[in-house]
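What follows are several structures.
Heads up, the next two complexes both have chain A, just with different partners, chain B and then chain C.
Coming up: the complex of A and B.
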């Protein structure tokens, strides 16, 4: 068994993923406290409140960040909240813009009136400090080339402190920057990839972030809270069954190694 | 027939999906064995990613914050900003290398200034939250449950043991060493949780690509929906 070519394992994993992505499986998820807190914070928003979404992911972390962003935008639209999106990664500018455009079109949310995309800013710390002092002159234009001061969604808004909430959807370590430089009256919610989540529990514990959706698993829980069918559930189910397969591989490998050692000892 | 028509690369959008699939399969061909196709696509990907970033940099940064203010709004003083930043490249000159230090000094000064704010906003609230954790039920905190008390006590024990582990100013002996060993164990448990999450994240990367192959290329609805 120890001489099995690793490529067979890759093939089995690939087939396993395909099967569970296509299977009409709806396993219920237990809602974790950080996801529940995230949901409750958005529920507290009033129609017309303003939210900043920081979307910094690209195609490589699509499986985790896309279901998160879709679910969050759906919830914000349900609450009739105005929102703006900003990206600190060049690739994320177009991906988040296209995604938001698709999701908002389905619900008839108007660009410019109810939401807008501020495009790409390279240095988050400097951009946040600029937005706190003078938001229209820091961002200047949205992705469509319209001056920020002329966008009805942020009409009269001079500073980031007039926002109610910042939601960071990211595979990068950008949340400490938001925590450090954003106004203290603005709540911060966090949607990291699973690999970044463990480090964020300190911020959750100290109340610096108010809620967290961890990877595809968190997105599945959030979709369940919203009562929608998104990508979170199939992705999280596939991850669970892939983990089971990997655990089975590890157990089989260890069992085979143990048997080999026993046989070698007997022969000796 | 409808599926076939939608599947084939008969328009620009479908062509881009087919190119995406070709790139995905070429990159994953590494799992079979190292090969020149993989190498070619790897280099192409890095080049494309770097090239792509130049577009938003040009449009969203250089044009928006430099060219437009100078040419349209007439803020001529901005014309000096980019040449000043480019002084950094004097670092490659033996004779004029000192000029680059002016820019480096500005950057270090700005970073140090930003860090003062970062330290107070990022770490002090955590310190404050740790010191305010109640370890027993009293009249001041009647809503506290026994579960929360146990959680807080565990938090403080783990924090102190891990801090003890990272105390290098003197030789750790006796009870201090035992606490430090506990600290190391707690760290290992924490790192194990991070590693578990890393496996989950890496699996999600692969699932994302296979979703692309099924949903975008083969036009099969994912999740059986």
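Coming up: the complex of A and C.
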């Protein structure tokens, strides 16, 4: 059992994922405190408030970050909040722009009037410091080539401090940069992948981030709070049974090791 | 000297009037070219010790600028009455300096692309091993770059977004690049599964505690855990918030202090490999 060909293991996991991804089984999630805080913070926003979304994920983490971003944009539109999107990852610029275009078109949100995409900025710390001082001259133009100063959505906005909130959707550790350089009056919410979430609990504990959605499972909880159907639920259910499978195989591996040792002792 | 002091006092050296901006920019670019063209032969003829001295000096001055801007006191109105009391005389230079860094970063991107294309062109021309893959790479690079550039120009309304561009970019980006990228990263899950089965062994008390806690968290954070028992999500959240957070805090303190020490070593060129 200990020397089983790993391709069998790959096949078992693959079958497990496919079955539970396609199965119509949907389990409700237990809402965790960080997600509840995230939801509550956005609920406090008033119509017309301005939010910055920092979308830095690429296709590698699509399964975790895409449901998060879709749910966040849906919630912001529901609250009639203005938002702008910025990306520090080149691929994310196109991914987040196309995703936001699709989601906002479905709900009738107008580009330029209610939302905008500021495109790709190569250096986050530089960009944040510049946006705090002079946002229109730091970003200069949006993805469509329109000068930021001429965009109705940020008409008259000179600084990042006029924003109410920053939402960082990212697989990287960029939230400490936002915490360090953004104005202290602007709240920060965080949407990391599951791997990065463990590090963020320190910021959650200190209040430097006000809420957190962790991976696909967090996205499912958030979708549940919003009462919408998204990708979070099927992904989280698949993850559930994959975790169960991993635990089962870990126990099986240890059981096999124990049996081997007992047999060796008997033979000795 | 008086002109320079005056300009610094008025904080206008970084914000020139429109008519002198083009001239000043041209002078800077021309000066940079001359400097680089003159510097390359000098660097090549210098002995390693001389090269090291130049690199160490430039590194130190570049780091000194940012450190000085951060630590120098604000409010220089006693010396420059027209100064802004909320910043020192170096603060207006930060944005242009950081713009320069971004340009250098873009240069590195161009350099990397050039190197990659040159390598694979050479493989193809010289028919080296697996040169077929080099052709695939070069063709993919050209096709993807073409559609991406045209797509960006279409977004800015510089070119028209025709159905061929729309469909082509969609096929290449949405249906090929993104899916392949996601698939490549997803392979990690299979490796983890295989490694978990083969390597996660309970050989000591500490390993047992680690394993048991990990399993509790793994099953507690997913919806299945809540179905098995309502206590599992509560326990998992408690472990993450009350056990994990203090440990992460301690690690981050250590990493931060270590990072500071390493930054100082790099700034002072105390690390090996500086030639």
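Note that the second predicted complex is superposed on the first by the 268 of 268 C-alpha atoms of A that agree within 3 Å, B and C clash if a C-alpha of one lies under 4 Å from a C-alpha of the other, contacts with A are read in each partner's own complex, and residues count from 1 in each chain.
Simple rule for what comes next: a contact is a pair of C-beta atoms (placed from the backbone, for glycine too) under 8 Å apart; a residue touches a chain by one contact, two chains touch by 3 or more.
The model shown is predicted, which means the values in this text are computed figures rather than measured ones.
Colleague: Once chain A from each complex is brought into register, does chain C clash with chain B or fit beside it?
Modeller: clash
Colleague: Just checking: does A:217 make contact with chain B only, chain C only, both, or neither of them? Give me first, second, both or neither.
Modeller: Once the two structures are laid over each other on A, A:217 reaches both partners.
Colleague: Under the stated touch criterion, which partner chain does A:32 make contact with: chain B (first), chain C (second), both, or neither?
Modeller: The second partner, chain C, only.
Colleague: Touch check for A:22: first (chain B), second (chain C), both, or neither?
Modeller: After superposing on A, A:22 lies in contact with chain B but is clear of chain C.
Colleague: After the superposition on A, what does A:234 contact: first (chain B), second (chain C), both or neither?
Modeller: In the superposition, A:234 touches chain B alone.
Colleague: What is the contact status of A:180 with respect to chain B (first) and chain C (second): first, second, both, or neither?
Modeller: first
Colleague: Tell me the contact category for A:10 with respect to chain B and chain C: first, second, both or neither.
Modeller: Touch partners of A:10: chain B and chain C.
Colleague: Could you say whether A:113 touches chain B, chain C, both of them, or neither, answering first, second, both or neither?
Modeller: It touches nothing on chain B or chain C.
Colleague: Touch test for A:60: chain B only (first), chain C only (second), both, or neither?
Modeller: After superposing on A, A:60 lies in contact with both chain B and chain C.
Colleague: Should A:247 be classified as contacting the first partner (chain B), the second (chain C), both, or neither?
Modeller: Second partner only, chain C.
Colleague: So the two structures are superposed on chain A. Out of 62-70, 80-88 or 116-124, which stretch of chain C collides with chain B?
Modeller: Of the candidate stretches of chain C, chain B runs into 62-70.
Colleague: Identify the residues of chain A that lie in both the chain B contact region and the chain C contact region.
Modeller: On chain A, the residues that contact chain B in one structure and chain C in the other are 10, 13-14, 59-63, 91, 122, 129, 194, 197-199, 202, 205, 214, 217, 239, 242-243, 246.
Colleague: Mind listing the chain A positions that touch chain C in their complex?
Modeller: My answer: residues 2, 6, 9-10, 13-14, 27-30, 32-33, 58-63, 91, 94-95, 98, 122-123, 126, 129-130, 133, 138, 143-145, 194, 197-199, 201-202, 204-205, 214, 217, 220, 236-237, 239-247, 249-250, 252-254, 257.
Colleague: Mind listing the chain A positions that touch chain B in their complex?
Modeller: Against chain B, chain A makes touches at 7, 10, 13-14, 17-18, 21-25, 59-64, 66, 90-91, 93, 119-122, 125, 129, 140-141, 176-177, 179-181, 184, 193-195, 197-199, 202-203, 205-208, 214-217, 229, 231, 233-235, 238-239, 242-243, 246.
Colleague: Using the touch definition from the top, list the residues of chain B that touch chain A in their complex.
Modeller: 31-32, 49, 52-53, 55-57, 60-61, 64-65, 68, 114, 117-118, 121-122, 125-126, 128-130, 155, 190, 193-194, 197-208, 210-212, 214, 220, 222-225
Colleague: For chain C, which residues count as touching chain A in their complex?
Modeller: 94-95, 98, 101-102, 105-106, 148, 151, 155-158, 173-174, 177-182, 184-186, 189-190, 192-194, 196-198, 200-202, 211, 215, 218-219, 221-227, 230, 233, 237, 240-241, 244-245, 248-249, 252
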